[in-house]
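Multiple structures follow.
Here chain A shows up in two complexes: once beside chain B, once beside chain C.
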Partner chain A sequence: MEENREELMEILEDTRPELDFENETALIDDQLLDSFDIISIVSEINDTFDISINVNDLLPENFNSVDAILALIKKLQEE
Partner chain B sequence: MAFFSWQFILFLTVSLAVYYIVPGRFRWLVLLASSSWYYVVGGGLKSCVYVLVTVITIYLGAVIIDNMQRKVDEQLKGRSTEAGTVKLSREEKKQLKALGQKKKKRVLVLVLLINFGILIVLKYGFFLSTNLNGLLERFHTSGRLPEVSFLIPLGLSFYTFQTMGYLIDVYRGKYSAERNILRLCLFTTYFPSVLQGPINRFDDLAKQLYEPHSFDDLQFREGLLRMLWGIFKKMIIAERAAIIVNEVFGNFEASRYAGFTLVVGILLYSVQLYCDFAGGMDIVFGASQMFGIHLRENFRQPYMARSVSEFWQRWHISLGNWMKDYVFYPIALSKPFAKMQKTLKKNVNPYFGKVFPSFLASFMVFVLVGIWHGANWKFVYYGLYQATFVSTETLFEKPYADLRRICRVREEAAGWKLFQMIRTLTILSIGRYVDVVPDMPTVIRALKATFSTFNPYIFFDGSLYTLGVDERNFGILILMILLIAAVDVINERGQTVRGIIARQQFPFRWVVYLAAIAAVLVFGMYGPGFNMSSFIYAQF
Partner chain C sequence: MSNTRNILEYLEKTARRLPDKVAFVCEEDRITFSQLRRRAASYGMQIAKDAGFQTRRPVCVIGERDINALVCMLACVYSGNFYVLVDSSLPRARIEKMLEVVDFIGAVSCSKERYENDRLLFSDVYETDAGSSAAVACTQEEVDRFVADRLAKSCSFDPLYGIFTSGTTGDPKLVVKSHSSLAGFIDMFTEMFGFEESDVLGNQFPFYFDASTKDLFCCLKCGLTVHIIPKKYFSFPQYLINYLIDQKITKIIWVPSALSLVANTDSLRNFGIPETLTKVFFVGEQMPVKQLNYWKNLMPQVEFINIYGATETAGNFLYYIYDKILPDDRRLPTGIPFPDTKVFLLKEDGTLVQNTGEMGEICVVSNTLSLGYYGKPEMTGEVFVQNPFSAYREIMYKTGDLATYDEDGNIVWASRKDFQIKHMGYRIELSEIEITLGAIPEIGECCCVYDEEKKKIFFYYQAERDLKKEIGKQVREKLPKYMFPSKYILLDALPHNANGKIDRKKLAAM
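Take a look at the complex of A and B:
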């Protein structure tokens, strides 16, 4: 899990270095990430974790915080 | 029924009175009755047939999809045998889910095809049949399609998009299907927004529609004020600007306008479009707020955008969000796009691979947005033009940033921000030529005429006052535009002028209301051909 977190943080910080991902809990609700960011983050996550996040998973609650994204990754890895 | 007519005022007053008089649990039925009445009177019975087809198909589609999902969920819990429930293996679960998904998809596609089909045939039938006939002619075949044109039901694009969004959300499992068809009917035809949007989302609006709202003095006042503000924008600003725009561009082939006259014309067209559309929205939101129902905002000070993509996040927000959720994401995350992304990352350049799929998907979205504006090739070009700016912003993000560093731009300086706003407005204004003249060759001619003549003297020799609006009215127009700009600046800082006024003491409030009504009556433009119902966006 810790490993996942580190890899995810790397992807996120690579996309938007100026955001404080550790403490943000409303990445989507506050429109901190735009649609282009989401696409690039999702594609990186899919490659890195070998999962496939599809359009049905693109709910704000799955992407609002690092923990939420981690939970989504975990859920998809288990499926 | 025009928004600014005594019939509408009477209709709204009666609806509001009945809404607040009847017991709470019947209130949504009052909204349904009002919406149905509004739709029948405004659109005629033929329109109702189309809207009913949509309500019934979407209702059934959503319920069937929901039932299928429930069944799968039930089966996933395990197989019941005599010895009790047996858990399914991971493989079995996977298969079951895939099968359920496939069945759900069939229903979704069928219902979307029916509703999209109706939209395309009604709205684009003429465009498609003439273009196909052109093609047939080119291949020297003798067969021709009949050139069809239909009556377009009231609010067709808006209610179709709204209900399709609902169905797709149910399919995606975002929420369950609505089991009461009358409630879905109210969501589809809710009268303040059926004519010109916004494109509402079920999870935002539905609950608000069905729950009873008690009369709230402050909400009512704010709603009323917002309606007045919308009427003010439409009647005093948009209608005045329209006169000049029509004079300058209305018959462009025959006129000899050039240089700064065209610049003034196109800038006033931007003003007209904003005040017409956002003013219409203010009336919609205000009317809705009087019932205690809050719609999601459709505009956020669009002309303060510092880039074209930011403009599209501030202008007609509900359409942009719809396109993002139901077109952009599905395309950008589709399998072919994921494959393309991988190939590009590996063979071309990692950064390019990362942004190219979004770039391509946004092109597709903007072409669609263009076509949404009208069945005409010029709107396809319009979409491509917008997409070029939006997508290159991301594609060239790094070189742009380097350029700013080399030029030592201070990004937070007010001067730089202002420059960005003016730059965005210029790009948008050039794009709007497509909207004001009939076809592409004329667009090119108009652009040439704008840039090939240098005539700054028109600002001093009084020729601006010969465009259909005299000096006094031109002055009023400029003053009112400044007022709108000031209000937008205040809104941008996070305050609403409306809220501030509505909270004032009784006498002050009434001075503002009466001043606004007086301004509309005195300064509003009502020519003989005036028609308050002709909002530009109601055509879409």
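Take a look at the complex of A and C:
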């Protein structure tokens, strides 16, 4: 899990280096990430973790915080 | 011509007829027609006092895509002045620049994060909560008297609103539109496409983008409800489709990219068909036929309508009803003129395009032309010119867009004059490459950018995997050699600007 977090943080910080991902809990609701960011991040996550986030998982609540994204990755890795 | 002299007559009538009907819904927030009228009129009176009862002057509204911004926009109109909405999320420096280039008599800040500028800010009219001081400072009777007086003194050619458009020089220009041009367009548009009280609109365009005025003024005129769909839903197609279904949306006027998102994610199959939809309009950029066919095939009972206009005109002046299915690699026709409108294609040699396939600049003569660029008579005179084919005073607007006629007499948009590039001695429409290569089934969105310095065409596309081979094959089979892009660049997504259009500047900087 910790390993996932590190890799995910790297992806997020590469996409939007100016955001404080550790502490933000409303990345989508506060419109910090736009659709361009989200699609880039999804694609990076898919490649890095060898999972496939499909359109059914493309929900705001799965992307509002680092913990939410980690939970989604974990769920898909276990499937 | 419309017999509406002031656009506020729409709201005055509707608020009397349907006082308790909901006009706008924005997440948890909603406002009825009578609340909207009461708030806007009383803040309008306050603005008028603050402005020393000046009229026909620009007032800046710094706001978001929410109900507060709508109230403040209409309040400026009630004050006898015209509004210019500035997006509060823009960088401060950009807002300051906009405040500098126009001699605003004042500004109203109504976003959650208040923008402060002592020089410009009016007194507390921006407190748009029901119990604000401005609302209680005057009685209903005083407000009614004020409104009656304002309407009696107004002229149909008074300015209603201004909208910033980027100039080629980099300085924003302010296009100003009159009450009569907007009312004329809205009366025609609502009648042609059957907008009714029972309609429910799903708004996508931000209010500082011109296409949103259709949502706003169709609502005020017809007494229909507009849902301001949260911006984030346009990143999450499941939310978007559920919203359309749950709120029983009947008509939408969207940017093509938003419709493409639904098509590219197969969301109508994944999340369901919004059965209540009757009409889908798209405007602002070229709609790709492949994605349009996706919608049309799954929702054959819906009418799909391409509409085209310019910021320099009120509303639109060309339309095309998509009733016969075209092949995926065809360019969607822009269409035929609205009633009471003359449109023609002017060639560079000053003659009119007569034959199919010949290209010319789209020019329009109509009662819905704007009043031109605020404080810039020379710039206005360059594009609003005397119609050379008319022996009396008749002003036409030159759009800067190039187009041809197809066999059926439809005008078919080709490109911006500025996008027409000269490459290896040939004139090239970048959009032609985009349409040809965009027809490859696996490609989602795509865009061509020309690097003037390196003399190279770059093709950016969005797909699940690298399609170098497929693109190469299509290029060889369908395009002349001088149109071959020098590089195909696979992206996870194409960047979009605030209006939802593909951001060519950002791509060029990549």
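Please note the rule applied: the second predicted complex is superposed on the first by the 79 of 79 C-alpha atoms of A that agree within 3 Å, B and C clash if a C-alpha of one lies under 4 Å from a C-alpha of the other, contacts with A are read in each partner's own complex, and residues count from 1 in each chain.
Note that contacts are C-beta pairs under 8 Å (C-beta built on N, C-alpha and C of every residue); 3 or more make two chains touch, one makes a residue touch a chain.
For clarity, every value in this text was computed on a predicted model and none was experimentally measured.
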item: Touching partner for A:P60 - first (chain B), second (chain C), both, neither; value: second
item: Contacts of A:I39 with chain B and chain C, given as first, second, both or neither; value: both
item: Touching partner for A:T25 - first (chain B), second (chain C), both, neither; value: neither
item: Which of chain B and chain C A:Q77 touches, first, second, both or neither; value: neither
item: Set intersection of chain A contacts, chain C complex versus chain B complex; value: 31, 34-36, 38-40, 42-44, 55-56, 58-59
item: Interfacial residue positions of chain A with respect to chain B in the complex; value: 31, 34-36, 38-40, 42-44, 46-47, 52-56, 58-59, 79
item: Interface residues, chain C side, partner chain A - complex; value: 231-232, 234-239, 261, 265-267, 270, 492-496
item: Chain A to chain C touching residues, read off their complex; value: 28-29, 31, 34-36, 38-40, 42-44, 55-56, 58-60
item: Chain B to chain A touching residues, read off their complex; value: 94, 172-174, 309, 313, 324-325, 328-330, 332-333, 338, 341-342, 354-355, 357-358, 361-362, 394
